[in-house]
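Structures incoming, each one as structure tokens.
The two complexes that follow have chain A in common; it is paired with chain B in the first and with chain C in the second.
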Partner chain A sequence: MELRSNEFKARAAANLGDAKLQKGLGLIKVKAVVNRANAVAEFGDFEALREAGKEIRNRALADLDLYLERFEREATARGAVVHWAENASDACRIIVDIARENGVKKVAKSKSMVSEEVGLNEALIEAGIEPVETDLGEYILQINDAEPPSHIVMPVIHKTVEDVADLFHEKHGTPRKTDPAALTREAREILRPQFLSAEMGISGANFIVAETGSTLIVTNEGNGRLCTTLPRLHVAITGIEKVVPTLEDASVLLRLLPRSATGQAITNYVSLHTGPKRLEESDGPQQFHIVLVDNGRSKLLAGEMREMLRCIRCGACMNHCPVYQAVGGHAYGWVYPGPMGNILTPSYVGLENAVALPNAATMCNQCGVVCPVKIPLPDLMRTLREEQMARGLKPWAERMGLALWGWAAQQPALYALGTRIAARVMKWMGGSEKLIHRLPFVSGWTDGRDFPAPAGKTFRELYQRSKR
Partner chain B sequence: MSSRDAILGRVRSALARKVSLGDTAAIDAHIAAHPVGLQPQRDWEPEARFRARAEALTSTVEKLGSLQAVPAAVARYLVAHGLPTGGVCWPSLRRLDWIGAGLGMEDRPARGDDLVGVTGCFCAIAETGTLMLLSGADTPAAASLLPETHIAIVETQRIVPFMEDAWALLREEKGSLPRAVNFVSGPSRTADIEQTVTLGAHGPYRVHIILVG
Partner chain C sequence: MRVALFVTCLADLMRPGVAFAAIRLLEHGGCTVEVPESQTCCGQPAYNSGDRATAIALARKTLEEFEGFDYVVAPSGSCGGMIRAHYPELFRDDPATLKRIEALAGRTRELTDFLVSVLKLDSVPGNYTGTVTYHDSCSGLRELGVKAQPRALLAKLPGVTLTEMNEAETCCGFGGTFSLKFGEVSTQLADNKCGNACATGADAIVGGDLGCLLNIEGRLRRRGDLKTKVLHIAELLAGRGE
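Moving on to the complex of A and B:
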């Protein structure tokens, strides 16, 4: 996927004025956020569940090499073929080779963020193989000139039903319809023959289970099941961090993932795949390939961003992020938007290629509070900000400003004097309205809103007086 | 060096392993013990909970006294909903008297244009109102997936409280995992367009559960 993270500010600004996008984002607050809150309340002790989820993910990461080897051994023993991809081009090459060796012309794909990360569709098309996205949201994006998703769970959250109505009418040549159920039916009827004719199905994996060598996917639409049942080849592509030790461990994470993502106690389908079709079976793929992708993950394991590898890709952090809710997913310029993307994008593509992202946060910690595996997202963003300062990746004026402030803050007398003057000047600037319409150096802030004027005394002055 | 060795090498150095081959005793012990993790509090009786949760997921549920009564119940359901009276069933259900109930149920692999699929299940999970289906020669996966209507037969004695109980049952009765384990919780759905929940995305539009026991 094309990287555009350094355009964050410009794209965010444009998105603020996009009425359709704002409508879709508004729905997150009244639907996804409310649904999650209800599901969490219904569960009971969700905090204990989050802690349990964190421990399971930490256990897997602490012995990641051993669990991966165990997974490989179990999967291989059941007839699956395990491939290892160091980076995006490796992953694409492996899958294109499997497709070519088996004369594959068409691939039915269920949703996989790792496949977006490595640019799999582009590689397949280049090799003359047709990938068909079958998740409704991903299908809508694919027929709209391969538009990127704007959310990891709800990829077309930025589109209205009217947009989809126009698109289907134009691309399918069918009468225009605006009922979501009718549009869904239309996509079903167009995609069903694709499932039946595709030679290869590609899925992701929400988890891989070391105990049994199984890949696990959660889906609601059933397209994931179709992709993994009907074509004669199944390729599952996923990150090396997705391993969990046992089926019981997966069960605990399955209580966290759908509740955090969509507010469901369980998704409509949870499917585990262990090896290819058995001799006596009438359905299932004859070959089952599993592609384990590193693409920067082992590097994260070694560094300060290690906790990010616990992520189970639920999207709760973006649903609850005031920045994501305002600017939408495309502004982030890569596969993973929202707070998770603020960490993952700079970690995977380089801090210099995503300078704005660790700063695209208010540090309100909503993401940290809702994260099902307790990733301290604001702490990780702060660490990346520090690294940006240390590496000189921030604009000169910002670095000088912070250096000046840092120096002043270490001179108590000077600092007290400065704040006393500022408080008085700003009170005067506020006038009788007690609002400042324009402030030097921060016009980006005051262009859009007024700054409430301070009362004229600093906290320390008021505190001294109350002590007397 | 192969990609595999390079990746595992980086993981090992990130974990500061002293030796190239790690000691697997601890992970082997955890996997062998596969301890049950955190479950929600259980203040319910499995059958009632299963029924309530399945209905909340927009499945319909009825209960019969015996397996022999199933074909007539399936016929009643299909006629009442104006659905076709033929389709596919699991080979494991071929001995039921479908013809006697006026139904044309064929025990063959499901096709893309089949409208009704009748299956059993390995067991059912009360916590979430979920069916657990195992793939196999007599229990093909597509029968619960391709048709627009999925009718599932659940013996009440096979309703277990939690998913972990289902794993225990699977280990006890089958030893290892089949090719596919599918947990099914109601009709397929999507909320991709404006977060409006729509039933019948790529899988069944309706799931009817017949409890027997």
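Moving on to the complex of A and C:
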């Protein structure tokens, strides 16, 4: 996926004026936010569950190497093949090789953010293999000239039904229809033969379970089941951090994930894949490959962003983020939007390639209080800001402004004088309306807001006078 | 009880009445209020901008000025949250200072929280009449658990009717320097807040943090609303908001 994170500011501003996008985004508040709140209220002690989720993820990360080795052993013993991909190109090469060796021409894909992260579709196409996205949202994006997703759980949240109606009419050559059920039926009819003709199915994995060597996916559409059972080969691609020690652990996280993501107590499908089809079984793939991708994760494990690896990709942080709600996922310019993306994107693609992202948050901590594994997202963003400061990645004006202000704030007498002057100047600027319409250097504020003028004297002055 | 008032840099410069109102409320509750003269800013703008060194320097300065009081009270969840929830983290590698900072943090309270939880005020001096709606500021709400306290205090004013807005807990878009760096987004969030607040029909929007209030008022006026008042809760409770 093309990296455009350094364009955040301009794209965010443009998206604010996009009425159609805003309509789509509005649905997040009414759907995801309200549904989650209801699910949490119904559950009872959700806080205890979050704490348990955090503990499980921390335990897995503390001995990540051991759990991954265990996973490989168990998966191999059950007939799966485990591949290790150090980076994106390794991951693509491994999967393209498997496809080539087995004469694969067509791949049916269920939703996988890691496949977006490594650019798998592009690599498959380049190798002459046709990937077909079978998740409805991802399918819509794929036929719309491989448009990138704007949300990790609801990839087409930026599109309205009208958009999809136009797109299907154009691409499928069918009469235009706007009934969501009819549109879904149309996509389903087109996708069914694809499942049957694909030689390989590719899925992600929400978790991988060390004790049984299984991969686990949750879906609502059932396409994941078809992708992982109908084709001859099944390839699961996921990040190395997704390992959990036991099935018991996975079941705790399963209570957290759908509730946090969509407010569901459980998704329509929960599939556990353990080895390929056995002799006595009637269906399932003949080969099962599991591609475990590092792509920067082990570097995170050793650093200050370690807590981010607990992430179970529920999307709650973006659903609840006022900035995401206003600007949408595309503004973030890479695979992972919202608060989690503000941390993951600079961590994976380099801080200098996503300068705005760690700053693109008001630090309201709405994300931190909903995150099912209690990742302190604002704290991590702040740490990245510190790194930006240390590496000189902040704009000169910001650094100078801060330095000057910081120095003055440590000189009380000078500070008192400066604020006395400022209070008077601003009072004068506010005039009889007591409102400042334009302020030099802070047009970011005054372009869209007035600045209420101060009374003209500082508290410090007035207080000293009152005491005399 | 000796209480030090943390004035906050915004009240000092923009709305001295808020600090005077806070003093009045604290004295009403029987406190002896002192205002350390050399105080400036808690350092949060530096902290959230990644300038840790300046944040530490200002935290040290605050520590020197405010150590030794029974309580430190700030008419702001943001500055209160900085001292109470974030100062200790700044000194994680400096055990000697950390002990002192933790003691300071433990004695620091946001104004409404202090009035309700510590002073247990049963009356307030204000006499405001009208319909108000309350904006929950992020730091106060999510770092300090300030939610019921301001409402309990408003309930002590017989003339006040509180009408809750939709999304009262959603950020107003201020976010300190965020409001300058991402002006368009910040303005949009302020606009959402104004829309929700005005939909209640309240004649005043009330909150506990001047940063948010200046942001909300700034947007409200630009939208052409010159009528709806935007007040700090201290002004309203102390009787200086009219």
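Methods note: the second predicted complex is superposed on the first by the 444 of 468 C-alpha atoms of A that agree within 3 Å, B and C clash if a C-alpha of one lies under 4 Å from a C-alpha of the other, contacts with A are read in each partner's own complex, and residues count from 1 in each chain.
Convention: a contact is a pair of C-beta atoms (placed from the backbone, for glycine too) under 8 Å apart; a residue touches a chain by one contact, two chains touch by 3 or more.
Because the structure is a prediction, the values reported are computed rather than measured.
In the superposed pair of complexes, A:P175 makes contact with neither chain B nor chain C. Once the two structures are superposed, chain B and chain C can be ranked by residues of chain A touched, with B on top.
Contact residues of chain A toward chain B in the complex are 24, 27-28, 31-32, 43-45, 48-49, 52, 56, 59, 62-70, 78, 84-86, 90, 134-137, 140, 154-157, 159-161, 164, 180-181, 183-185, 188, 191-193, 195-196, 210-212, 214, 220-223, 225-226, 228-230, 240, 245-249, 251-252, 254-255, 262, 265-278, 280-284, 292, 294, 298-299, 301-302. Looking at the complex, you find that chain B touches chain A at residues 2-4, 6-8, 10-15, 17, 22, 24, 26-28, 30-31, 34-38, 40-41, 53, 57, 108-110, 112, 127-128, 130, 135-137, 140-142, 145-146, 162-164, 167, 176-196, 198-204.
Within the complex formed with chain C, the chain A residues making contact are 9, 12-13, 16, 322-323, 326-327, 359-366, 368-369, 382, 384-390, 394, 398, 402-403, 405-406, 409-410, 412, 415, 419, 422-423, 435, 442-445, 447-452, 454-455, 457-460, 462-464. Within the complex formed with chain A, the residues of chain C that make contact are 7, 9, 11-17, 19-20, 35, 37-41, 43, 45-52, 54, 57-58, 61, 138-139, 142-143, 169-171, 173-192, 214-215, 217-219, 221-222, 230.
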